[in-house]
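In what follows, structures are represented as structure tokens.
Both complexes below contain subunit A, partnered by subunit B and then by subunit C.
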Partner chain A sequence: LAPWIPVVGLEIHAQISSNSKLFSGSQVQFAAPPNSLVSFFDASLPGTLPVLNRRCVEAAVMTGLALNCSINKKSLFDRKHYFYADLPAGYQITQQRVPIAVNGSLSYSLCIDNRMSQMVTKTVRIKQIQLEQDSGKSLHDDTRCQTLVDLNRAGVGLMEVVMEPDMCCGEEAAAAVRELQLILQTLGSSQAVMAEGQLRVDANVSVHHPGEPYGVRTEVKNINSIRFLAKAVDYEIQRQIEELENGGTILNETRAFDSKLGCTVPMRDKEGKQDYRFMPEPNLPPLILYDTKSLPANMNHQQVINIDWIQERLPDLPSVKREKLVEQYGILPEHSFTLLNEDGLAEFFESVVKQTQMKPKKVIGWILNDLLSYLKQHSLTVKESPVSSILLADLLNLLEKKEISSTAAKRVLAELWKGEGKTPLEIVKEQKLELLQDQKELEQICQAVIDGQENEVIMMVLG
Partner chain B sequence: QKVSVEVLDHLEHLALVDFRDSEGVERLQKAIQFADQLQEVNTDGVEPMDSVLEDRWCLYLREDDVTEGNCTKELLENAREKLEEYFVAPPGNIPLPKLEERETFLQGC
Partner chain C sequence: VSAALKEGRVTPTELCQRCLVLIKSTKFLNAYITVAEETALKQAEESEERYKRGQPLGTLDGIPIAVKDNFNTAGIETTCASNMLKGYISPYNATVVQKLLDHGAVLLGKTNLDEFAMGSGSTDGVFGPVRNPWSYSKQYKEKSVPKSLSEDKESDWVITGGSSGGSAAAVSSFTCFAALGSDTGGSTRNPAAHCGVVGLKPTYGLISRHGLIPLVNSMDVPGILTRCVDDAAVLLGSLAGHDPKDSTTIQDDFKPFELPNLTDVSKLSIGIPKEYHAPGLSSEILALWSKAADLFKNAGAKVVEVSLPHTRYSIVCYHVLCTAEVASNMARFDGLEYGHRSDMKDSTESMYAATRREGFNDVVRGRILSGNYFLLKQNYEKYFVKAQKVRRLIANDFLKVFMSGVDVLLTPTTLSDAAPYTEFIQEDNRTRSAQDDILTQAANMAGLPAINVPTALSERGLPVGLQFIGRSFQEKQLLTVAKWFEKQVQFPVIELEEVKRHDNGVFQHQKSASFS
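And now, the complex of A and B:
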């Protein structure tokens, strides 16, 4: 049987972290009373007009720069038409002709064979980033055969990040999205929490034989977590391969991922191919961005967005932070990967290192093996840790000064998890875990052990 | 060059217009003919115009402040049907029936 090459592309919608919406002054907030965060424009009442939110543009520029994109100094807005109850205007304002950023790239790391010690770096091309409106939310009430519509989300700013089909499996897709999530959170352009719908991913999947043209692709939606993304993509690849090997064909359709059954199913309510009848948004002129060279002399600076100014103020991206951790503390790349993968863990690690004489290379073991595994077992975040960085540093200092053994340190740590407010020193004294330094006392104990185990001693002496 | 029945049917599905009778279709034909005159102008190498104001048409950037919203009651006054504070809509898009199944003058074409 000829091998199959799976091809995976992604369309990611990230909600912009801003106080108000993309084209109106209503508030952006998760979980508010229905239709309480809706302006007349959001409800598409006649006579209302879009007014672009500066913060949303800055968020898109930051993200474009972080993803190595070319920022289009002139980008345009368009209308994408389709009918749905949660889209009151009957169209979405988006950037179809000329988006704000194009031609970037994202590097991400993968573990080979599930072993953290072997990491490989991959790159996925970013086709473009565009600004667009989010739609409202539909709640389907099947019992009463109706849909309930909440427009709180209608008009919230989105950045659509389009990743080229450079990925080949669920693991790669998941790793790429995870890295994008970390970047967005570092920039602050989006909080990118998938569970709150701030990061939504649609996967485009197809398979083909080497040397042949790309196969028909399907679009997979309704993916609610990074774990499910990997599952959905892998399931769809398998489904397509089986279908084709059984002589079937793949329909160019939209499918939904069913997380309970772990499979994809054709989506209802998708009537054939949509014709969106794109047209320029007549109420918005082109969006012009400047850099230091092209900055106009006499313009109100509140009306000017300077790409260079934003570039200079970009924070260290995750990849840079990882390199710095490796260089500064002599830890392994896979260590820095785990440190950045857990919210607050890198800061915790650095805080402990500052407060202890123990070498960072040794501290990292306590952080990744002991602290992290405990947190995972009890489903706690770093912020919720009953053991603070100060307490852990105190404990590691006792170990470093050889006042306790490594085994004793683990026992003290187990006690510290209880969060009873005792210090490591108090626990050591309570449980009499101090290492004996007195030579005579040690000899007495050893002699007592030997005296009590005569038979074993004879066996040992005889070899 | 006449607009085909397939295109007319497609338009009725997309835009939910109803051409109703031959007069409606004729009006469409005439509108297309009128607009087609634009094709007579050679625009090779000319950038499309966004506005007659050209670069004096400036996009105004608003500060990211919350200035609107909180008018649930007013908005819901426009709703034909509501439930608590939600707008009520049909269960999903109800697609226009296929040409063969619709009572439309287009059938006879």
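And now, the complex of A and C:
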């Protein structure tokens, strides 16, 4: 049987973290009472006009720079038309012709064969980043035959990040999205929490034989977590392979991921191909961005965005942070990934290192093996840890000073998890876990043991 | 009348009341959709207080004005003469409305128009057609041949032109001292010409469109209708300037100006575009245009024939771009958030379809269908993009002419004087618009300022106006020339019985009634 090459591309919508919406002044807030954050413009009242939110543009520029994109100094806005209850104006304002950023790349890492010690770096090309409006939400109340519409989300700024089909499986897609998520959170341009709808991922999947053209692709939607993303992509790849090997064909359709069943199903809503009748948005002039070279002398800097200025102020991206951790603390690269993957873990680690004499290379073991596994077992975040960095540092100091053995340390840690407020020293004293330093005392104990086990001693002496 | 207010010869409330009474007695004109009597009187009272304290807000304080019903007015119904927005009470004021109110103007009411400003007759709105006040003027009646002895008011009246016919009629019949219209293809200048009033289309980007329910976002401007050019300058001064709520307004500071009394036109260069000798142009208007050119020449101005070669493509180009934007702008009317909602409940889609069928008239629906056709993926390049390119060519025509030293262009505004209603409706809206827009609409394509100045009465005793087109943002120059011309032609005052009855000298003093 000829091998199959799966091809996976992603369209990611990240909600911009800003106080107000992309084109109007109403607030951006999760889970507010329905229709309480809707301005006249959001409700599409006739005669209202869009006014571009500066912060949203800055967020998109930051993200573009972090993803190694070229920032288009002139980008345009367009209207994308379709009728739906959650789209009050009957069109979405987006950037179809010339988006704000293009031609970037994202590097991400994977473990080979599930072994953390073997990591490989991959790159996915970023086709473009465009600014666009989010839609409202509609809920179908089938019992009363009505649709409930909440426009709070209508008009919130989105960055659509398009990743080229450079990925080949669920794991790669998940890793790429995870890295993007970390980047967005580091920049602050999006909080990127999938559960709150701040990061939405649609996957484009197709399969083909080597040397042949790409197969028909399907679009998979309704993916609510990174874990489900991997599952959905892998399922769809399998489904397509089976279908084709059984002589069937793949339809260019949109499918929804059913997380309960773990499979993709065709979506009812999308019938045929939609013609969105794109048209330039006449109420918004082209978006002009400057860099230091092109910035006119007498411009009020409140009125313009300087790309170089934003570049200079970019924080350390995750990849840089990881390198610094490895360099500074002598930990392994795969350790740095885990540290950054858990919210707050890197800071916790660094805090412990500061407060203990134990070498970072040894501290990391306690962080990754003991602390992290405990947190995972109890579904706690680092912030919720009953063991603070101070307590752990104290414990590690006792170990480092050889006041306790490492076995004892583990017992103390187990006690600390209970969160009863005792210090490590207190627990050690309570449970009499101190290491005996006195030679004579040790000899006495040993002698007592030997004396109590005469038979065994004889057998040992005899060989 | 501003002076009269200041000097206390008349009070704002008196003025307001007289206008309201006159509106009632000229109801047959159907110029107003909504008369905001209570709020107007209240505003007039407040104005009176300010005058008493010696602190009027300016020239406009206490002046009764009317606003076309496609501008949002908070608390007052805004219908766009459509079933879609019948009963719609907007929660906000359009920027231009707010500015007028901030200057103390008294808002009498909302004027009638073609539905959603689509039309050139003000005949296609759901509240019925607007009648040209000149239909009832002594001047027209004297010239018209009675068809039968028992002829009454109903049969012979002429249209106002459109789509800002209600505003033009309101100003022309003295029920207000100034009115706001809108101009997308000539909708302010056309009715101004037919009703014998000044109609100013400002440069695109000078006056905010926030709150003006759009027809074609890239061409719409708020229009100003007044009885004399000086008044237009006053209105312009209170309305122009950057609006942060409208991203298409220019950032530059705008300085209101007073018009100088030009006496020496020798430094002026007037361009006469030969393409504006359009097919269908009446010999009367052609003669008047020629006479006007001679007027300038004899006064020492340089008058040159110029060419705007792409003029003949402008109608088709306009129709593609206009319908495309209309299709887009009308997409928001789905019955969900505001406006008419059909009783159809089978599904959201069927509710949309029924709502839009019930809410829009044929003209609107026709344009939506055409517009969507042009925006289809397979047609976009062929029609929309092509039209955009042609638009650029049309705009460049003007640029070239202005760069060659011409200051202002002089053209006719309309092809003929106002047609009788019964004749006008023989052709459909699309045909009429295509015919009537030819002289006015290129200025919208190019975003240039243009003004209609009432020039003379036709053989039938109806007003004929001529148009001046100026350079971008050079309204001062444009209006100065217009004012000079206005002074030369001395256009007669309308002789309306109703007005005479209610006038005690305030409405018509001297030859022209103005409020500056």
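Assume the second predicted complex is superposed on the first by the 463 of 463 C-alpha atoms of A that agree within 3 Å, B and C clash if a C-alpha of one lies under 4 Å from a C-alpha of the other, contacts with A are read in each partner's own complex, and residues count from 1 in each chain.
Criterion: contacts are C-beta pairs under 8 Å (C-beta built on N, C-alpha and C of every residue); 3 or more make two chains touch, one makes a residue touch a chain.
Predicted model only: the values in this text are computed from it and were never measured.
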First (subunit B), second (subunit C), both or neither touched by A:Leu49: second
Which of subunit B and subunit C A:Tyr91 touches, first, second, both or neither: second
Contacts of A:Arg322 with subunit B and subunit C, given as first, second, both or neither: neither
Subunit B versus subunit C as contact partner of A:Asn283, first or second or both or neither: second
Touching partner for A:Arg217 - first (subunit B), second (subunit C), both, neither: neither
Larger contact residue set on subunit A - subunit B or subunit C: B
Which superposed partner A:Asp275 touches (first subunit B, second subunit C, both, neither): both
Partner chain in contact with A:His335 - subunit B first, subunit C second, else both or neither: neither
First (subunit B), second (subunit C), both or neither touched by A:Val149: both
Contacts of A:Phe83 with subunit B and subunit C, given as first, second, both or neither: both
Those residues of subunit A which subunit B touches in one complex and subunit C touches in the other: 40, 43, 45, 51-52, 81, 83, 85, 145, 147, 149, 275, 277, 284-285
Residues on subunit C engaged by subunit A in the complex (per definition of touch): 71-72, 80, 85, 90-92, 94, 209-214, 216-218, 244-248, 324-325, 327-328, 330-334, 336-338, 345, 348-349, 352, 372, 375-377, 380, 384
Subunit B-touching residues of subunit A, taken from the complex the two chains share: 18-20, 24-27, 33-41, 43, 45, 51-57, 76, 81, 83-85, 138-142, 145-151, 268-269, 271, 275, 277, 280, 284-288, 302-303, 305
Residues of subunit B that touch subunit A when the two form their complex: 10, 14-16, 50-51, 53, 57-72, 75-76, 78, 83-93, 95
Sites on subunit A touched by subunit C in the complex: 40, 43-52, 79, 81, 83, 85, 88-91, 145, 147, 149, 275, 277-279, 282-285
